[in-house]
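Think of it as A, B, C, D, E and F in the order they're written, each chain with its own count starting at 1.
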Amino acid sequence: MFKRIPKKAAAGRAAPARTPAAAHDDTEITALNLPPEKLSSEVQAYFSKCEEKLGFVPNVLKAYAFDMPKLSAFVAMYNDLMLAPSGLSKLEREMIAVVVSSHNKCYYCLVAHGAAVRALSGDPPLGEVIAMNYRAAWLSPRERAMLDFAVKLTAQPANVEDGDRERLRRAGFSDRDIWDVAVIAGFFNMSNRIASATDMRPNRVYHGQAR
Amino acid sequence: MFKRIPKKAAAGRAAPARTPAAAHDDTEITALNLPPEKLSSEVQAYFSKCEEKLGFVPNVLKAYAFDMPKLSAFVAMYNDLMLAPSGLSKLEREMIAVVVSSHNKCYYCLVAHGAAVRALSGDPPLGEVIAMNYRAAWLSPRERAMLDFAVKLTAQPANVEDGDRERLRRAGFSDRDIWDVAVIAGFFNMSNRIASATDMRPNRVYHGQAR
Amino acid sequence: MFKRIPKKAAAGRAAPARTPAAAHDDTEITALNLPPEKLSSEVQAYFSKCEEKLGFVPNVLKAYAFDMPKLSAFVAMYNDLMLAPSGLSKLEREMIAVVVSSHNKCYYCLVAHGAAVRALSGDPPLGEVIAMNYRAAWLSPRERAMLDFAVKLTAQPANVEDGDRERLRRAGFSDRDIWDVAVIAGFFNMSNRIASATDMRPNRVYHGQAR
Amino acid sequence: MFKRIPKKAAAGRAAPARTPAAAHDDTEITALNLPPEKLSSEVQAYFSKCEEKLGFVPNVLKAYAFDMPKLSAFVAMYNDLMLAPSGLSKLEREMIAVVVSSHNKCYYCLVAHGAAVRALSGDPPLGEVIAMNYRAAWLSPRERAMLDFAVKLTAQPANVEDGDRERLRRAGFSDRDIWDVAVIAGFFNMSNRIASATDMRPNRVYHGQAR
Amino acid sequence: MFKRIPKKAAAGRAAPARTPAAAHDDTEITALNLPPEKLSSEVQAYFSKCEEKLGFVPNVLKAYAFDMPKLSAFVAMYNDLMLAPSGLSKLEREMIAVVVSSHNKCYYCLVAHGAAVRALSGDPPLGEVIAMNYRAAWLSPRERAMLDFAVKLTAQPANVEDGDRERLRRAGFSDRDIWDVAVIAGFFNMSNRIASATDMRPNRVYHGQAR
Amino acid sequence: MFKRIPKKAAAGRAAPARTPAAAHDDTEITALNLPPEKLSSEVQAYFSKCEEKLGFVPNVLKAYAFDMPKLSAFVAMYNDLMLAPSGLSKLEREMIAVVVSSHNKCYYCLVAHGAAVRALSGDPPLGEVIAMNYRAAWLSPRERAMLDFAVKLTAQPANVEDGDRERLRRAGFSDRDIWDVAVIAGFFNMSNRIASATDMRPNRVYHGQAR
């Protein structure tokens, strides 16, 4: 996990012996040398629950395992945003995650949350089109308004004004829902940058999920 | 194929009854109403060959079928660039197609040529990472130089200068190879725009290929 | 705090009777109508500590007070990043907050964290120049490398690569420090967007601090 | 044509002995060393027709002459787009060529197609203003809609949506015309990049045409 | 004033002994070595008037003092734009100066003209918010239209068209006023670049003014 | 000169009766209704000198003629920058004017100063290539460094730093020369915006000069 093979040296040129693209993704999770500390019992239990429910521990959690308080704070915020009750469905929240990650071209988050959109929607091409260009997707007016807001907030946050909030309200979002759209979009603007800053690699298992 | 259901009306909100994202992609290929003319015998033969070899006729060809000379000119250029002998392998050419399409966020080309990268490389995650952010991929120096050139040529063509060509030469590309990199990158800058201008939809079969 | 006067109507034209720019900032904290819920005892204690130490409760905390779990998760992450032990000094962390907020033109965060830079450095013009254009500031090579990384991660996260991490290492940052630079920059990319999405207003008291 | 003098060394500083800017443009057509192969009889005939009609063979054709199939495919597509029957006049097609090339700052195409706009319109300043900033030109609503579409498709292809096509329809364009606008704009996005990638030089004769 | 200490060397790392950010700003006004020539009597008188009225000579004037005709031309244009009779109030003119300088991230002009907005408005936070993100400010419709025009003219001058001028007229600006908005915005696009090109430093006294 | 025909109405569609593009350029100089005031004797003399030397009065001066002090200040600054003694040749100064205007896509300045580059250099294609893409021009290292600085200062003024000034010094520019490069580039960033804000039209005579 922590002794990184330099990325360019890992592969010869496009030839039969090419190293598979994700070959090291589960063993060299980031480009930083940050060995995990002893897991707290709380985190240990959470990791076991991940194994049980998902079949694996997401690499972002392993990356954070060098410091228990940081890991706990991240998990608490993540779970509140993506899993707690909200006016937004879980699929809608994952769609926000994907359009933000698409704007930021974040490999880790596109792989992990693209899989979630495929799984939650039961519609694999939906995950693809949201990751590639959400403007090409067949969306409800509500979904389109939500994703337009998330993308504007990502691309040009300083230009968000009353009119943008009004458009969400007209599409049926409450002020509480607007908060959730904003904070989820904000959260993935943070996560994308953590992943890019550390070259974080997604678990290989995501690639084949819900195809 | 030609009577288009308005995109937004096609789907309710995120709910059990959501229309699958690619539901209409093989029947309403573009947003333009351009019925096919009678296929010339040459084109008829080519379409049969596609059916035989690929199992289907790529939607871009069906979209072009309203005008035989335009279709023939497109096919001739495409086949020369992507299939004729070249110092670039077929995989390398498809990688260029995908990075250019990723920059331009072209749904059609990312789906179709992402599938080609997966199939030609035998490495599904390679297709994903090239489509999402090629800078996160494990690439040989030759591949990296080639894709950097293609992306710079796409993003800021007016800034390409002698130094950019020199970098390709130092990575082992001949002047003939540089021509091919340039024209393939150029071709997908054209194709991406034709697809985006017409909202061209990729064949549904691509989504599941080579996963 | 929650019944918002429309922004444009609040002021006449530039005339003697102009409403002061920050007149409503402490009473109409955001553009969303999200009344606070009953504070948990833990939060109540935290707010009291803020009053005691700072003399006021930062408006971002009041904005979050409609939902105790969200507020707690935010506070936990904030305090870990900005106050817990780190290889980065508190001033360095605030400098990152300000350059990120400057890139994103976030009024709330520039006011609040600009004040922090002025106070922690004892050098008011430092807070100004970092907020306006950090490239015009007299910085140590370590500071410059840190802020360059934070700004690149903010502006073009997908382009951050091994060379960027290496530059930080050469400037004396450990891998643990790099994590902290990345996550603090990421955190303010989130916070800036929450503030912009909700038109969050900074406490008026910040403006006069440490001038 | 193929032994290139390095660009920077070719000129002294701004002084009486300055080498004229286009001095080598007809002898060193590109920065790539790609000697022409023996012209096919078909191409030979086409070049003769160019000499006869235009008085010269456009340098892009000479640049392509290292490979007959590539040259033929390019000519077939070019002639279909720019010369075959279409709902767009030849002048309108050249105007699209020029606005796309202006966005991409392509020296070759601005010189060659700027001359075409001057000649076809009989209005030299029209060629200038279209090349410099088409928004400053006196255009019919139809022309303006057409060029706005071409420029948006060039600058931000992923953002083209139903509303953009509708605007063209409202300006009187048929779906077939929209196809032509799109493909011509796409074609020059390709050509501009081929020219920039190879530093292709326009025939000197263009500069003085139709002034 | 003219022997510049290299910027990076001037400061140690964030430590007790850090050199104050503005320490050299009044002695090393620019990064260029351009000693003042003998002041003309006219300029001498003008500098005396500055000392008398402002208490100091603005550093931009000292920077220009190496050449009397240049200094005189700059002062004549500046005084005409910012002080002569106009349909724009002096505060409005300073607000334009600040939004343009904010877009261009000009340290000198943000410090000097931010102070002017604070002083003329008697409202220190107004100077802050205009410098940070004018879209977050409580503005009259007239002010907003004026600043939107100035920012569009700064960011994308080639896109300014009849509609933009019409919006100013509808907000109550005469054609003469539009000229003034345009030229003041233009002037600070010049001044910002002169300041950035020379690393011009603002007088330290500005930082504390009108807080 | 002052009663403007709306731009779009002025032309039919591309048809035999198309109004020539520059038809109104010498009679409707700007989109603002600003009638000239009585010329001062000094300005009258200057206009006569223009007629005598150039054969016409540049439209920018006519546009400014509604206010004598503004016109005088503009002329004083212009003449100092473009005509007074300087380490930069007049051709070099005009090249700066053109690359800045090219970046800003300013129709007026590209026409007027493109003509000046053609005339001063005696090399018409030089004017073309500088206006279209100076990176495609054969330039001396000195010219290239100068134009690179001017373009960076135009496009991203906040990023200009010591290294940029050093590059000019290494190319042989004195600190005084650097000042001139900076201020000329700044001046055209102002002029481009005045022209774009007012839709200023260049004298028709420029189009045919020095071809």
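The definition used in the following text is that contacts are C-beta pairs under 8 Å (C-beta built on N, C-alpha and C of every residue); 3 or more make two chains touch, one makes a residue touch a chain.
Quick caveat: nothing in here was measured; it's all calculated off a predicted structure.
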- Shared chain contacts [chain B and chain F, defined touch]: C, D
- Per the C-alpha centroid definition, the whole-Å distance linking chain B and chain D comes out as 24
- Item | Between chain E and chain C, distance of the C-alpha-averaged centres to the nearest whole Å | 26
- What is the distance, in whole Å, between the centres of chain B and chain E, each centre taken as the mean of its C-alpha atoms? 50
- Query: Can you list the residues of chain D that touch 2 or more other chains?
  - Reply: 7, 105-106, 133, 136, 158, 161, 199
- Query: Based on which chains are in contact, what kind of graph results: line, ring, star, complete or other?
  - Reply: other
- Note on the structure: Chain pairs that touch, by label, are A-B, A-C, A-D, A-E, B-C, B-D, B-F, C-E, C-F, D-E, D-F, E-F
- Note on the structure: In their shared complex, chain F is touched by residues of chain C numbered 133, 135-136
- Within their complex, chain A touches chain C through residues 6-7, 31-34, 66, 69-70, 72-74, 76-77, 80, 84, 104-106, 149, 153-154, 157-158, 160-162, 165, 175-176, 178-179, 181-183, 185-187, 189-194, 196-199
- Once bound in the complex, which stretches of chain A touch chain B? 7-8, 10-14, 18-25, 89, 91-92, 95, 102, 105-107, 110-111, 121, 123-126, 128-129, 131-133, 136-144, 199, 204, 207-208, 211
- Message: For the complex, give me every residue of chain D touching chain A.
- Response: 158-159, 161
